[in-house]
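Two complexes come next, and they have one chain in common, chain A, joined by chain B in the first and chain C in the second.
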Partner chain A sequence: MSLITSLLALRRDARLLKIPPYLSALCVLVGIGWLLVLPLQEYSRGTYVSENALLPGQVHTYFTGSEHNIFRAYRHEVAELVHQPLEGRNQRLAEILRSSGLKVATQNYEYSASGRTISGQNVYGILQGPRADATEAIVLIAAWRNMDGEINHSGVALVLTLARYFKRWSLWSKDIIFLIAGDSTAGPQAWVDAYHDSHSPASIEPLSIKSGALQGAVAIDYPAGPWGHRFDKLHIVYDGINGQLPNLDLFNTAVSIASGQMGIGCTLQRMWKHDDSYQARLQTMLRGMISQGLGHASGPHSSFIPYHVDAITLQTVGDGWHDEMSLGRTVESLFRSLNNLLEHLHQSFFFYLLMQANRFVSIGTYLPSAMLIAVNFTITSIALWVQSGRAPNPPSPVSTNTKPSEAPKMIAIDRDGMVALIPEQYLTIIERKLFLPLAFVGSAHFLGLLPLYIFNNTSESSLTLTFHATTFLTLLLPQLTASALSLSPYRPSAQETILIQCLSLLLLGMFLSALATLNFSLAFLVGILATPLTFVRPTSSRPIAGLQTLLLVAVNPLVVITLATSYWAGGDVSQLRTVLVAAAEGWHVWGLWTQVVVWLVWWPAWFAESVVVAGSLFGKVVEAKSVKA
Partner chain B sequence: MSLLLRSIVLLLAFIAFTSAEHTSNWAVLVSTSRFWFNYRHLANVLSLYRTVKRLGIPDSQIILMLPDDMACNPRNAFPGTVYNNADRALDLYGDNIEVDYRGYEVTVENFIRLLTDRVGEDMPRSKRLLTDDRSNILVYMTGHGGNEFLKFQDAEEISAFDLADAFEQMWEKKRYHEMLFMIDTCQANTMYSKFYSPNILATGSSEIDQSSYSHHADNDVGVAVIDRYTYYNLDFLETQVREPSSKLTMGDLFDSYDEEKIHSHPGVRYDLFNGGEAAARSRLVMDFFGNVQNVEVEGGVGNETAWQEELQAIERMINDARRRHNESLTVLPEAEQAPTEKVARPSLKKEGAARVNADGGWSKQFAGAAALLGCVGVWAAGSWLESSK
Partner chain C sequence: MAIDKQKAILFGAAAAVRLLLFTAFPSLPNLLTGRVEISTPVTSFKRLQEGLFLYTHNVSPYDGGVFHQAPLLLPLFSLLPNPSTQPFATNLLYTIVDLLGASALMQIAESGQSVSSRLFTSPRKALRWSNIAIGASFLFSPFTIATCIARPTSALANFFVLSSIAKATQGASITSILALAFASYLSFHPILLFPPLLLILYDAYAGSSKGPSNPLAFSLVHIGGLAAALGMLLYLSAILTGSWEFLAATYGVRLLLPDLTPNVGLWWYFFTEMFDSFREFFLGVFWLHILSYVGGLTIRLRQQPLFVVTSLLGIFAIFQPYPSIADSSLYLALVPLYRHVFPLMRYSFLASSTLLYASFLGPAFYYLWIYAGSGNANFFYAITLVWSLGLSVVVGDSLYAVLRDEWEVERPEMRGKEVRRI
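Our next item is the complex of A and B:
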């Protein structure tokens, strides 16, 4: 009983309100620390193939010998096609596929984004499994041009050769679709959309022939020209749109076959040199997180993943001694494994962070990191809510004797025959005026729709200019809003200022913790960049307010995007345009959600906090002393 | 009094000894897993099926349960075959295979109904275990299991208790004489730990908390083709037990288990067997894996001399008949016998044979001409007599 009483007394303790900022800071620190320990041996795990049916590398591969001559011939055919117009090129590719005994069709597609048109044609052939029941299919992809815009000479030739070679096996339990996509992102997207009948019929042609449910897709990126090139390693690209990932079993099978059976080293996230040190692991993981957080298409496979079709791209890198036949045998063995599948890949993880080709952490281990970051906003939000309901300047029970002149007004309460003297302020109920904070935070979030619309509907040429203008405007807007508010009849009181911050942080914490379960990396990155929003407060001191404003300018979403782009592009500002164009393409073609998070979650939170801080720069803040936490 | 008691005991022992004979052999061979990657479990069972058939158990006395069809799986690079070795020398699916329970018929319920014979009237005989108290049964199971259970087709499992109770019912219903229970799965030995019915000799591939492993994979079929424990059992049966007259005992089989090779600790349970370890070990391998010719005659021992006399009488009759037959052969025309002589003496010269034939030919032609002339004479005489009327 006495424990509860003392706890209830503690609830009223003013010192309690001093704890939340420290608690928030602790959450952020632990969240970051959590992420940093993940690459250690004790916190990450070795990968393993979970699905029994896959049996990776348990078959002899026979893609050798005379197939090599056929491959070379096809590679020259492909080289001949480079300068031909699209129609003629695809006609010839279709002819080759048809001559291998496949059913062949083409698909035209056309997208428009940022005022430019992305159009092309996919050509694909279906190998019907001779003893299969045509209910399932796996896809082998080679885009005509890879992500860097190079012509995928050897990749396309390898797909043509493998089509001819696979046709002669009788053991396929699924149909195999050979897709030569017009480009690396839009083409596969158009094809996979149309395959699932979710394309927009106006600009995307439907598929004339189809097969069963897609069980997996493998893309080959091997741009070596007509005279070939021996490669050193396979770079396995696995990021999907919106940070969705393929089942870890597919990745593991590819690694196990390539390195275990064929002796080809595997690498990921452009880590050409990986010495298995802590730094290398951390770097791989962080690169993976940034890629996942951006949610962009990282290869022809990316478009398949939102349809729950597990997919990866095998990209050849470096100079070594592995030739096209090693890659062909890897693909053959991989397809034999996929062929063994009895049901959709489901055994292994869909949420993971890889830090090496054979080390990972799963969602259960890494999720607390982003959750702690998100929780820091919620804690501060709750503290602000409590604070907003208190009378200004609550007396401290321990210090009542020091200044007797300010002794608070006491009220005697008589209950159950006992009398107690309680300061009056404890019993006053302060009404929270919620209208203005709610309206303000709501409109801030709706305001985010404006840049979202603008950046997705501006033509490429004026995109950079629009971006800079928006940056400028965004930096100015909080000050303008604050001064406008202070002059208007709706000038926010101290309580309302607190409530604006409280509600905006509450929403931010909620959004980010929900997002952490879908796209951990994006939630984590936005969470870290938004952390200063927890610690800024309205203040009466102008220098402090100025410092806070500077801090907020530095973490403005648009400023962060500009700085990050110039950092990764090595100071090349023109890259900003590439990023903006890709973002618009993502919105129109891939169905990217990253912009929604930036403009409707992050930016409104930043805006609300900036207005709160700007309020203390403009005009007086009522009873500033009282709102200092 | 004690003398009487002792004599009763002796009598009982005698009865027990005389009844240690079985009159039929049955085999229940069960694979409990489906799916392509469990190819080896079906190969295990088919290998054992082939072995017991070779040693004489007819298809009508083998209940074969196969939950999946590996031979016709589209993933099979060698359609229509199942192999248990990477050398692919022996096609287990072969040309003569009789699967009694297949696909989704392989369930725990059907298995227990089979053992206890609780089946509907319309159940075909090929799907029933028609054993009696003089039948020796081999029960072989393989699949994925764990501590005191064996998984059936990913959907259900049979526990060691279910199995023990089913065997007890079989004993109560006099459905077996002796039984060999053999199981190849992970933690296999736990499956027979709950048995409590007499005359069961049980053996398994691995102890509790121990996995059983596959022996090797065929890289063209792309899967493991046989399990270790089964492989080494078959190795013994195929190389040592060459013909049905083999006198190798179960003890020899159990002694052949090499833990180094099997990679797990196979176990044997003797205590339920009548006569304990010594009796169990002295049973012939053929008592369970082969078919016996032992016949029990109704009516007791007293009739034996009469039966012998009857046999001798029948033998005499047969000999008489054979002698008469041979004599009748000797009176046949020479021409009929000539070719047999020719075969018997291939060195005989052709000219000689031709000369003999030529001589016979002339005499025959004479006889024929004479017969024709005789006939003409008879006809002429007849017509003359008729016209003279």
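Our next item is the complex of A and C:
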């Protein structure tokens, strides 16, 4: 009882308002620290296969001997096809698949993004499982060109060989679809869209033959030319569109078969040298997070994951002693495991961060870090809300101003036999004027639609120029808006300025915590980059306002994108164009929504805070000066 | 005159926003129609189309167990051109229904019932929002707009509820009772609003020059009127469909909850988990729970019957078997009438943040459950619990504020003092 009253009394304490910035900073620090301890042995876990039916590596593989000769023959066939036109090439591929006894069909597709046309043709054949009733299928993919644009000679040849080899077995209890996609991103997307009847019929051909529900997909990326190339390791690529991941069991099965049964080392996230040290684990995890956060397609498998089809790409890397037959046997064993599945992969994790081929952390362990980052915005927003309800000029308890005429009005409070004198301002809650802040924050979010539309519909040649122009404009816009607002009749008062910041941080915190459940990495990255927005405040001191403006310029979304691109491209500015084209392509082809987050969540928050700071930079928000107390 | 101009601008803007959304994003109506947050089995526009198809092909619309809506909607919608090819007429109908609802809401605001009823006048009555602001908060609420675009039939029921309240505040018995009959006919639970509405009507009569009539006779006449109106609607429905089977397919479904499609309410998850032998018992308990509020609130808040109606609408938005955000939008439209007690509310920031968070996390968790397959039903149910919690905080907090407002009339010396638990 007395605890409750003393807590209620504490609620009014002015010192309480000093805590939230520190609390926010603490949340951010703990959030980052949380992520940094994850690679430690104590906080990460070893991977394990949860689904008992998979039984990875328990079968003997027979893909050897004479199959090798067939593979080499097909590889030369493929090399012959390289210079042929698309139609002739696919006719020949279809012929080979048909001669293995499969049902074969082709599919044309055409997308247009940023003024370019992406077109091609997919060839695929369906092996009807002898023990299957055409209700379930697994997919083996080889794209004609891999993500780097190289021709996937050996990958395509291996798929053709495996098609012929698998056809002879009587043990398949699922249909197997062999897909030779025209390219690595648009082709598989067109195929999987059409498989689920969600394609746009104007530009993408429907599939003439289909099988049952897809249970899994494996893509092979092995670009060795007609004379072969022995590889060192398998690089397993698992990121899907928008940061969705395949079930961890599929990844674990692939690792377990490759390294356990075949003795091929596995690596991930382009970590060619992984010494299992803390640094290497952290680097793997961070690379995984960036890849997941960007949400782009990382291989032919990526398009399958949004349809809840677990998929990975096996990529060969390095110079070593493993040949195409080891890869073939790996795929054979992997398909035997998938063939065992009694139900869709569901046992293991869908949300995880991998830090090595056999170590991971699951969502329960890592989610708090992104949530803490998101919570820091909410805390500040609540504090600003409380602050906006206080009288505009709270006298400080140790005021040097002792003139009796300005002495604060005191109120005697009698509680539990004790009397306290409290300035009246502490007890009154002034009315909040919400209309202007609501309208401002709302229109800032709507304003984000404009660049979203522009960048998705500008042609490739003018994309970079548009980007730089937009960067320039957005850097200037807050100052313009602030001075326009201060001249207009709707000049924001000190309270309204606080409320603008409060509402915009509230929305940011809310969006990020919702996003953290969908795409952890994106929420974390945006959260970290938006952290300075928590700590900027309207101020009467121009140097501080200037510093805050500089800080805000540095964390402008467009500036961050430019800097990050040039950092990863090693100072090559022209890479920006590649990124922008990929983003537009992602929007039109893959259904990527990273740019929605950038333009409708991150940028509006940045804009609102910048206007708040710019208001004080120009010294236009006169009332704000008196707030400092 | 100036008011009329403002009203014209407001209505014009609201209609423009709706028609613009309908035409600029032609796929949006179908997308929203499929959202479980907006369309429930008993209000969904898709199911209405299904019923309409059966009806126009001379099959009983209730065959197949998909359609659970009132039969009289069928001839109305069969007059409109097919919405899949010529959606404009349907879109216009829903836009007009929203505007009429807003107009009724503005009449309620104009009557001033929320600040001073016959028996009680709030000391804070000067603190009010204008009718235009209240109308705008309804018309531009994202929930109302989403409801209008998704075209569930609860939009029509909302309109009838609002006009019934508006007519009651004006003392127009016949129209009010008729509108309530329509609302109850369409979505059943508004019939529970009858006691407080009767009080509003009685107060309107008692306050007018006609002088107070005998309360018993007054109630009997109105109960008779409501029964007659409802009986007529039901009889017309029976003639239209040729049998009385529609009763089981419409009100039976609302009462007994056979369709457990997820929604934002609390019933579906509870009843998916339920052993069949307990089902009847808990159905009874759940319905009794809703019913129990009617009597208690009506008696306790006898002096402010309009607030009883408001709180009951909030309670329906939380506890009815098939709630959707259409019900919440109706409740949240009436809350601004109580602007004068907002300073007394203690959790307004908490409640609005909770509702805001829930309305973003809800679709995200539904996506994880249904599309991504990486979540499960508990994710979505957890967030509907949070949503309901947010609404109940608004209901509870506004109830506290109104009671405190009443109390301060009796005990003026307690103004501005902290409450203390004793």
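Following the convention adopted for this analysis, the second predicted complex is superposed on the first by the 592 of 629 C-alpha atoms of A that agree within 3 Å, B and C clash if a C-alpha of one lies under 4 Å from a C-alpha of the other, contacts with A are read in each partner's own complex, and residues count from 1 in each chain.
To be clear about the criterion, contacts are C-beta pairs under 8 Å (C-beta built on N, C-alpha and C of every residue); 3 or more make two chains touch, one makes a residue touch a chain.
Predicted model, so just to flag it, every value in this text is computed and none were measured.
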Look at A:K273 in the shared chain and tell me whether it touches chain B only, chain C only, both, or neither; answer first, second, both or neither. neither
Considering only the touch criterion stated at the top, classify A:H83 as touching first (chain B), second (chain C), both, or neither. neither
Pick one for A:R15: touches chain B only (first), chain C only (second), both, or neither. neither
On the A-aligned overlay, A:I382 touches which partner chain: chain B = first, chain C = second, or both, or neither? second
More chain A residues in contact - chain B or chain C: C
May I ask you to decide whether A:F511 touches chain B, chain C, both, or neither, giving the answer as first, second, both or neither? second
Which partner chains sit in contact with A:H308 here, chain B, chain C, both or neither? Use first/second/both/neither. second
Which residues form the common part of the chain A surface touched by chain B and by chain C? none
For a test of understanding, state which residues of chain A touch chain C in their complex under the given definition. 1, 4-5, 8, 244, 306, 308, 344, 346, 350-351, 378, 382, 385, 429, 431, 506-507, 510-511, 513-515, 517-518
The residues of chain C that touch chain A in their complex are 343, 349, 353, 356-357, 360-361, 364-365, 367-368, 371-375, 418, 420-421
Touching residues on chain A, where the partner in the complex is chain B: 52-53, 55, 58-60, 129-133, 169-173, 336, 339-340, 342
For the chain B and chain A complex, residues of the former touching the latter: 35-37, 72-77, 79, 217, 219-220, 222-223
